[in-house]
Amino acid sequence: MEIKVRQKRIDEDKFLEMRKGVLSLWHTGKEVELDDAVGYQKSLPDSKIFHKVVQRVREEGRMVLFPRSGTPIVEDEIELVRSLNELGIPLIPFTTDSYTRNLQLDKAQKGLEESIRTGKPVLNGYPIINHGVKTTRKVVEACDGAFDPRCSRMANSLVGEVAFASGMTAMPNSFFAWIGGYDKKATVEECIETAQYLGRLIGYYADRDVIITTDCHGWLPNGVYPMSVNIATQIIEALISAEQGVKSVFPQINLQGSMAQDLGDIRIVPKLYRKYLDKLGYNDVIIPGIVGSQVPLYPFPQDMGSAFGYITYTATVAALGEVDACFVKTIDEANGIPTKESHIESYRSAKWIFDVVRQQKLEIDNEDIRQEMRITEAEVTAILDRVLELGDGDIAVGAVKAVEAGVLDSPFSINIHAKDQVLGVRDLKGACRYLDFGNLPIPEEIKEFHREKIAEREKAEGRKLDYHASLEDFWAISKGQLIGTHANS
Amino acid sequence: MEIKVRQKRIDEDKFLEMRKGVLSLWHTGKEVELDDAVGYQKSLPDSKIFHKVVQRVREEGRMVLFPRSGTPIVEDEIELVRSLNELGIPLIPFTTDSYTRNLQLDKAQKGLEESIRTGKPVLNGYPIINHGVKTTRKVVEACDGAFDPRCSRMANSLVGEVAFASGMTAMPNSFFAWIGGYDKKATVEECIETAQYLGRLIGYYADRDVIITTDCHGWLPNGVYPMSVNIATQIIEALISAEQGVKSVFPQINLQGSMAQDLGDIRIVPKLYRKYLDKLGYNDVIIPGIVGSQVPLYPFPQDMGSAFGYITYTATVAALGEVDACFVKTIDEANGIPTKESHIESYRSAKWIFDVVRQQKLEIDNEDIRQEMRITEAEVTAILDRVLELGDGDIAVGAVKAVEAGVLDSPFSINIHAKDQVLGVRDLKGACRYLDFGNLPIPEEIKEFHREKIAEREKAEGRKLDYHASLEDFWAISKGQLIGTHANS
Amino acid sequence: MKDITVITGTVGVDAHVIGTKIVSRALRDAGYNVVALGAQTPPEEFIKAAQETDADAMIMSSLYGMAELDLQGFKDKCLEAGLDDILLYIGGNLGIAKSDDIEMRFKKLGFDRVYPPATDMKIALADLQNDLEAKGKL
Amino acid sequence: MKDITVITGTVGVDAHVIGTKIVSRALRDAGYNVVALGAQTPPEEFIKAAQETDADAMIMSSLYGMAELDLQGFKDKCLEAGLDDILLYIGGNLGIAKSDDIEMRFKKLGFDRVYPPATDMKIALADLQNDLEAKGKL
């Protein structure tokens, strides 16, 4: 089938035409008026502007928490963001509910109404489209933080419109996250087109000197395996966004539990971003900071003590790595949407760690870390170069072909177009290695390295590592181990 | 005044005579029968023998929690030690109440009876003397762990008698801890004599092939200042114990919050122990392992999240330092004697950290850590050599003279014979430095180093550091910082 | 084992696909004939697939907390579709927050068995075998 | 400020000396005449020191949880000793576990003010000044 998508900026006229369609999806679309929105954005204080907040944090040598939050009833949401903000959290994420994300706005409306009627939330996030701009500005104005809403493909364009008009100043534009974890049927082209729309919208603001940041999450890491595909796809997302006019991108390092590997990734990822942004001519795109993230989608420990262990551990690695912000979950993660109290206690524990560790500027450098950096760099470079090659220099075309060919691939993906052939396990020190490379274009000597590490563990444990071992490792963290054991299967 | 105490083993006859006086202090003294006790000790499985448990842990490359516990009612105590043991804790500490420790056994009896009557504990520990050997053996037999009771000077001898006869296999013999934190009026000589009694008792068992371990805590660190005096006094305790026949000593590294300094101390302390044990001829005394400890007596955070932060942070540093056991407090520390539930949740969080961090064998080495090692080594050596010199080679005589001269000294000590002239603050990276050296025999070039570090911070903060700054640092950890700020005063 | 057909998937717009993929493979490895609908499957598709394959059980997952909204009237629709003998299992994070009455609420919705988060598949496999035996299907 | 004498210390066999040392210095720095008895001071010694110095207040600390046992009948003994105008303050970890009725229990024992763990001395200094003014002593 012919590939139509191109790495090319959408014409302003065409874009304005497209907007009409987007805004007509729900009646609150009428509340979005671009010139007014630009004016509103310009009136915001620095403390509400994502990239400025991050830059300030970085200058002050501090590190902040970047949590999650979202609940349907406006008053509750206001209370939640205020209490987060009072804990010293200046970056406020904004989770929309799953009906909203899938443009099932009638259902979102019903859920919202039932939540209001019973006083108990039945939606798993804030239905931003149903609430609309006027209401959502109240939330944004309720506290002194920079907002970053979350969505997936279906509603991404309209959510972006409402969010920016409401004064939010960052938003992920991670179409690979949709492929990995949010959208079952969309084609890669459809995903890229949706991302191009949001990029173009942010570009429209940028043309008018309003800088909105895009955080790049990449292909969601649904298991225990190296982050090279995740990082390569983050960079592709950054490049696609940059072409549309995005001027500020924010890398996310997924902290998987091996300190050597995580610290290696923290150090190499911003360099790789810079390299490819510059290589493809986006020299004026800034990287205001980096976020460490407890995102690797491992199941969380169910008991409170172990949950605190995992949260503070992630916070420690992030602080040792000197990232600017870190996203940690809450002690309720395994059980349900966190209460306000769990948010507070969880974030207090992480904040304690950040402040105490970060002040010390402890230098950690060793051959293991340097080795992880070299490996990540070699893998990401090999993957990105192959993608560019597949697209004859066009990263959008290359991305479509790469997914089709399994050159970009990740296990347990939701999207039916993903190959789902890759698999990973931990080595004896807990670093994630490829057990099955699928069709990833990993250089042969690096493949050999993975095989050796796996052979080492197989020898030590006297068994073959396979799909079941991979699952054992996947559950390990929830059971208080890094490396899984047979008992976990 | 003439110094009578000497570093010399107590004759067996004299010792047996002394025992009579000790055992007559309370009626349960009659339950202690030495030959029977030796037999009972020999019947214990390896899992109840402290040094064997530690050696096993070390061989397995694991790390265990070494908590605190003590409650007056036997049934509660049994439940508590069982639940700790079920969490995988093989080393069980055993806190006696303060009336017991001060030989106010009538009051302990009243408190015990009231606790039993109301079902609510009114004593802050387990009154081991009042309970006696028969009852306490039930506690020891209730779970599969090695017990280590805690006491202070007044009741130390009788508590040791009862504890060992009950099957406990370790006990601190830390007379400097009494000077620092437990005994207001005793002279240094009285403290040493009491320690010699316990050492001799352990030596009696050792002569009959029953190895009881002594953990050395040293002069309790009541504030923010370097650990050199604490470490030097630990070693003096080990030497005094060794002369009486103790064959196994257990160093404790007080983790104060600066990773570089704590890791440095973890690495250098066992070497310093070995050096002085060998130097004075106690080559056959083993060091089965080392314990990291959250003992530095800083006030604990009052809120749960920050308390978990502090606990897991300590656990992380200990795990990175590869100690064998770590003593952490509970989330209730600031508020009262912990409930069983807080014990469990607190220890789960620490255990999660131990297991996940320790497996990785992350190598951490840098110039800061090496520098801390050099400084601690130089300070401890200078202090110990001066103590030996003061005693003309007799460490007991030297210790008495050293406290008198302020050659051994620490701030905020309870004992009226301590000089209490030393003071410390943190430097810009959070390491503890001397602000006032008192009469400590620290070499001049090391003093210069401390002064420089303090000058650096003074310059950065634009103020003189003084007693108030020292207090700010002392409270800092409870407020989620390592280095205090003016707001803490 | 007789040929037993089982339908799997997450219901509504729930995107949590990892669990249902693992569940499907475990069922296959245990010898079942599995129709894996994957994530984000509307309730109607579960019913259609069950009709078409004459399925014996549905092993439904929902993690995103909105299953109750998705499954209003589900049992009635099953009955209307002639699925009166099918076993209905559901597992995952079934409410927005942890709560004690979840099992009861989903039993009311017509489910035969309701499982808490992170249930070990071994337990579910044993239950399924028992239930199928009780129905004389095994 | 008029010459006001204050007695400090921890009561019973409580060894937690750090706090009372800091308290004593803060009181001195604020201009009070401080008789610091230190840690592990029996109740009777507090009374004796107060009689001998004609003290205006006792700032007693207890952290080890057994203050209530130590202080049975303390107020009566004070009155017997003629200390009927002395201010009695106590602070620290006053019970074995955190509990809501601590303040009430110690007020019953005769204390004028009862403070929770880790109380900022600034608060206590302000209270003391007020109470002394109310008594016409300042």
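So that you can tell them apart, the chains are marked A, B, C and D in the order they are listed, and the count of residues begins at 1 in each.
Operating definition for what follows: contacts are C-beta pairs under 8 Å (C-beta built on N, C-alpha and C of every residue); 3 or more make two chains touch, one makes a residue touch a chain.
Everything numeric in this text was worked out from a predicted model, so none of it was measured.
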Minimal step count in the chain contact network, subunit A to subunit C: 1
Per Cα centroids, the chain farthest from subunit A: D
Between subunit B and subunit D, centroid-to-centroid distance (C-alpha), Å: 30
Centre distance in Å when subunit C and subunit D are each reduced to the mean of their C-alpha atoms: 66
Gap in Å, rounded to a whole number, between the CA centres of subunit D and subunit A: 56
Intercentroid distance (Cα basis), subunit B paired with subunit A, Å: 46
Topology of the chain contact graph, where touching chains are joined (line, ring, star, complete, other): line
Each pair of chains that touches, named by its two labels: A-B, A-C, B-D
Subunit A residues touching subunit B - in the complex, by the definition given at the top: 257-260, 301, 303-306, 308-310, 312-313, 315-316, 344-353, 355-357, 359-368, 429-430, 477, 480-483
Residues of subunit D defined as touching subunit B within the complex: 12-15, 17-18, 21-22, 25, 38-40, 64-66, 68-69, 93, 95-99, 117-118
Interface residues, subunit A side, partner subunit C - complex: 97-99, 101-102, 104, 107, 110-111, 114, 120-124, 152, 181-184, 222-223, 297, 299, 302, 332, 334-337, 339, 412-414, 416, 467, 471, 478
